[in-house]
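In what comes next, chain A is part of two complexes: it sits with chain B in the first one and with chain C in the second one.
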Partner chain A sequence: MNEIKLELDILRYDPEKDREPHFQSYSVACQEDWMVLDAINHVKDHVDTTISYRWSCHMAVCGSCGMMIDGKPKLACKAPVKDYANQKVRVEPLANFPIERDLVVVQDDFMEKLKRVKPYIIRKEEKPIEEGEYKQTPAELKKYKQFTLCINCLCCYAACPEYALTPEFIGPAALALAHRYNQDSRDQGLAERHKVISTPEGVWDCSFTDTCSLACPKHVDPASALQQLKIATTTQWYKELIGMGGN
Partner chain B sequence: MESIKTDIAIVGAGGAGLRTAIAVAESNPDLKVALISKVYPMRSHTCAAEGGAAGVIKPDDSLDLHFNDTVGGGDWLSDQDVVEFFVNEAPKELLQLEHWGCPWSREPNGSVAVRPFGGMKIKRTWFAADKSGFHILHTLFQTSLQFPTITRFDEFFSIDLLVTDGRCQGVVAMEMKSGRLFQFQAKAVVLATGGAGRMFPFSTNGAIKTGDGTAMAYRAGVPAKDMEFVQYHPTGLLSTGILLTEGCRGEGGVLRNKDGYRYLQDYGMGPETPLGKPVLKTMELGPRDRLSQAFWHEMQKGNTISTQWGDAVYLDMTHLGEKHINERLPLVRDLSITYAGVDPVKEPVPIRPVVHYMMGGIHTNIDAETPLPGLYAVGETACASLNGANRLGSNSLTELLVFGKRAAVNAIEHVRSSDSKLNETSLKEQAEKVQNKIRDLVSRSGGTESIAGIRKEMATSLESGAGIYRTEETLQETCKVLADLRTRYAGIELHDKSNVFNTDLFQALELGNLLELAQTVAEGALARKESRGSHQRLDYEARDDEKFLAHTLAYYQGDDKPRIDYHDVIITKSKPGVRDYSGGAK
Partner chain C sequence: MAYVRPVSTTTWYLKDRNYFIHMVNELTSFFVGAFALILLWGIGAVAGGPEAYQSFLASLTGPGMRLFLWVTTIVIFYHAIAWFKVTPKAMPVQKGEEFVPGSLIAGGHYVVWVVLTLIVLFLAGVL
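Here is the complex of A and B:
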């Protein structure tokens, strides 16, 4: 197998000893089928054990290893080293989030927003388990399925120009998830979620640049969810205006 | 050291921990739950499970059939009272998830769809395309957000249990962003930390699966049970070990050797079934242990393809068609293209067996209780003796749910009924011991050993000595190496002295846990002089029910190797018999 030389410029920052973040360079001889994560793991194991970053599944499903690679938000486990052969590659923590240490960012803001959109089935009346499943046809499933695929890697927040300017913006992943539940035939929580989504920091902050969808490693297309939400929000607003907003 | 008082502390926030937390919060909103995990819940490895979750729902199926498949699949090492309880509860739990919004795949009429799975006589595996674990995890996590009594402690690394007056009364954990230690004082503790597959070099397991909870319980005197039973999944991608779900074969994928021959028919799993028409419980739908063992024999015969990542065979799905693969196996296609450069629509995918699941774990019973009062365990970290000597695919996702709820019910009862006064003086002393252990580890200097170096030697030795096939000689060598590595572990020096997200420290703690558990795997395998399920000895080829129809219990002995003892298997209605995957062949 051919070897690929990678020059990694990794952002380092330890709040206990660094006043400012700085870059540290590592030269790594990679196997050609490696991902950038494999190269960073190689550094951690054999060159410098002090680098901190998050990773786990190495199959693009746990969402831990989102980081800026050459200026773009990506999952390190899904970024082939081949794409950066014989180049200097900047590896930085996800943009738009505070740095906790090295490539690790503070995620509290996202976790709070995720909770705020009430991402769970809301029903006026629960059907007892003994009565079996709620029927849902493949066509009904298809209406929201795509928006269930978000792995919460935060690449879309790092790509979002609105989130960069207005940190209060609920943001692509959380809003797409709200839309996922609104679209689920088993759910009756639209009116409740509407209260959160229709606020200034909800859907209306989105200027539809589509950068979130381009950055999404799972093709969730949060931009399309947000546009659908804007229409739904407007409809709901009119319904409430004429006294029919109870869903 | 800061103290946090709670009623029930749950360590691990994957499928098992979340299910437990929700069950407590739903039924007992006056009880405080602390949900502690070294990762955010959605990073937990439940997310990587693909194929589905088993539970009887269709009219052609029955609880007895699910029971028989599970007991036979486990080569009669399962506790049958546990299996009976499990199959009975399974459908309710899967329906509960449906009510919580899990996007299960559907039949045209809107009812939940099921797919065939290995070792199962009837189609009974509920699935959400091939991302079932991912959807189960996210459904549970999102559902948990509505309960105010669940307080999450995300990115808190648990180090040791607090045990005093013969009861488990809490856990010491480090807040990863600050390095501060916290003493969680709890009336009951539930461990839900997953398996320890990372002790092997080639594994489907994520980096976080380092057996932390199992090792904590083991150090606290709770035996690790049946640890020698390690499941190799037959179809892992080369190089990375990424799992290609058993659903590939459920949907009709076949295994071929280097000559294109469907070799499983030569290993008691024939006759060959027609292409595109999989027959349940035979050929490619045999159980995982048998399929991985058949691979090994093909390799000995020279029938495998040799690659730079080792020997391999082919998983052929080319006859399934693009539409079917996109609908049922979209992740498999994506993973094969991204990580192996092979599109399964067009070409067979080279694969090889890969360590996937530990049947063993913390000794628990039908109530998810460990022998230590106040301590419960659920999921891969536990061994409730549901899976016996070989787990059937799609039983483990259901297990998380069934026993997560069970642990909650019993932990609640324990909190309500027993003397729950905490011995604070003793807890403080113990917590200080943990603090000193960490200080010693961080401040140690002059050591010449590296974490990566010891980890590699451990993994290599386990694979060569305690892999798919084992012998007295290879196991003895591995036991020797592991004992030696535990001594050398003291020579690790941490180069990172920071208090903030010090992954050097966490990796050192994880390696310590893995080493201790690796010893229970190898010593348990050495002592078990028979072949059963996933534990195959070339020097003792037959199952020996007279001597070894028993669970292995490994007890922690400090720096020494574990003490091995045995515990009766509970047999209720299925006497040990022959595992038949011949598809009715004479």
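Here is the complex of A and C:
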């Protein structure tokens, strides 16, 4: 197998020592089928054990290894080193989030926002268990299925200029999940969620740059969800105006 | 303590090609707004009688205004195309278990655009 030489410039930040982050370079001889995550793991295992970063599954499912690779938000486990062969690659923590340490970001803001949009099925009245499950047709499932593929890697937040400029913005992933539950035929929480979604820091802070969807490693389309939410919240507002709010 | 990276509020759109294209799209709204104001001015002139209307028409024929109207026409075409391109995202149509291809949704907007343009040109006596 051929070897690929990679010059990694990793952003380092130790809150106990550094006033601000700085880059540290590592030269890595990679196998050609490696991902950038493998190269970082190699540095951690053989060169510098002090580097901090998150990763877990190495198969684009857990969403832990989101980071800026050459200025673009990507999953490090899905970024082949051969795309950066024989060149310098800047590896930084996800943009738009505070840096906890090295490549680790503080995710508290997202977690709080995710909670606010109530990303779970809300029923006005639960039916008794003996009445059986809530059935759903394949067409009803198709309506929201793509939004269930979100792995909360936060690449969309790092790509979103609105989130960078207006940190109050609830942001793409959380709003896309709100849309996912609004679209679910088993859910009755639309009016409840819209109290959060229809605020200025909800969908109306989105100016539709589409960069969230372009950055998504799972091909979810949060930009589409947000534009649909704009239409839905407007329709809901008019319905409430004429006393037909409901769900 | 966690480190918060500074964000430029004035040059952020130069950092990424997609941000820049987005800002160009946003800028085209100025021309759409300006043309809407000219239309309102024209409607006001119609209400003001034949003389006011003739004066309005005359003010559209100066070289500066002609240039502005040509630029506005081109920019509004760009604006409309940019928006039609993203309509499948805002208005996806599901038929059974499948979504209608985005090209059909965007294409539908072009068809409506052409039909409305022909109607306006017909009413204006151009066709």
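What to note about this one:
By our rule, the second predicted complex is superposed on the first by the 247 of 247 C-alpha atoms of A that agree within 3 Å, B and C clash if a C-alpha of one lies under 4 Å from a C-alpha of the other, contacts with A are read in each partner's own complex, and residues count from 1 in each chain.
Keep in mind that, in the parts below, contacts are C-beta pairs under 8 Å (C-beta built on N, C-alpha and C of every residue); 3 or more make two chains touch, one makes a residue touch a chain.
Since the structure is predicted, the reported quantities are computational estimates derived from the model, not experimental observations.
With chain A as the common reference, the superposed partners chain B and chain C fit together side by side.
In the superposition on chain A, A:Gln87 makes contact with neither chain B nor chain C.
Of the two partner chains placed by the overlay, only chain C lies in contact with A:Thr209; chain B stays clear of it.
In the superposition on chain A, A:Pro138 contacts both chain B and chain C. By the touch criterion stated above, A:Ser64 is placed in contact with chain B alone, chain C being left untouched. Of the two partner chains placed by the overlay, only chain C lies in contact with A:Asp221; chain B stays clear of it. By the touch criterion defined above, A:Glu100 reaches both chain B and chain C. Figure note: vertex chain A, arms to chain B and chain C, all at CA centres after fitting on chain A; angle 150 degrees, rounded to a multiple of 10. Of the two partner chains placed by the overlay, only chain B lies in contact with A:Lys115; chain C stays clear of it.
Of all Cα pairs spanning chain B and chain C in the superposition, the closest are 9 Å apart. Residue overlap on chain A between the chain B contacts of one complex and the chain C contacts of the other covers 15, 100, 106, 138.
Per the touch definition, chain A reaches chain B in the complex via residues 1, 14-17, 33, 44-46, 48-64, 78, 100-102, 104, 106-107, 111, 114-115, 118-121, 126-127, 129, 132-138, 140-141, 144-145, 148-149, 151-152, 177, 181, 184, 186-187.
Across the complex, chain A is touched by residues 39-40, 42-45, 47-48, 92, 95-96, 98-101, 103-106, 108-112, 131, 134-135, 138, 142-143, 145-146, 154, 177, 206-208, 239-240, 242-243, 308, 331, 334-335, 338-339, 341, 450-452, 494-496, 498-504, 507 of chain B. The touching residues of chain C, when paired with chain A in their complex, are 1-5, 7, 9, 12-13, 15-16, 18-19, 22, 26, 86, 89-92, 94, 96-99.
Considering their complex, residues 13, 15, 18, 20-21, 71, 95-96, 98-100, 106, 138-139, 142-143, 161, 164-165, 207-211, 213-214, 221, 223-224, 227-228, 230-231 of chain A touch chain C.
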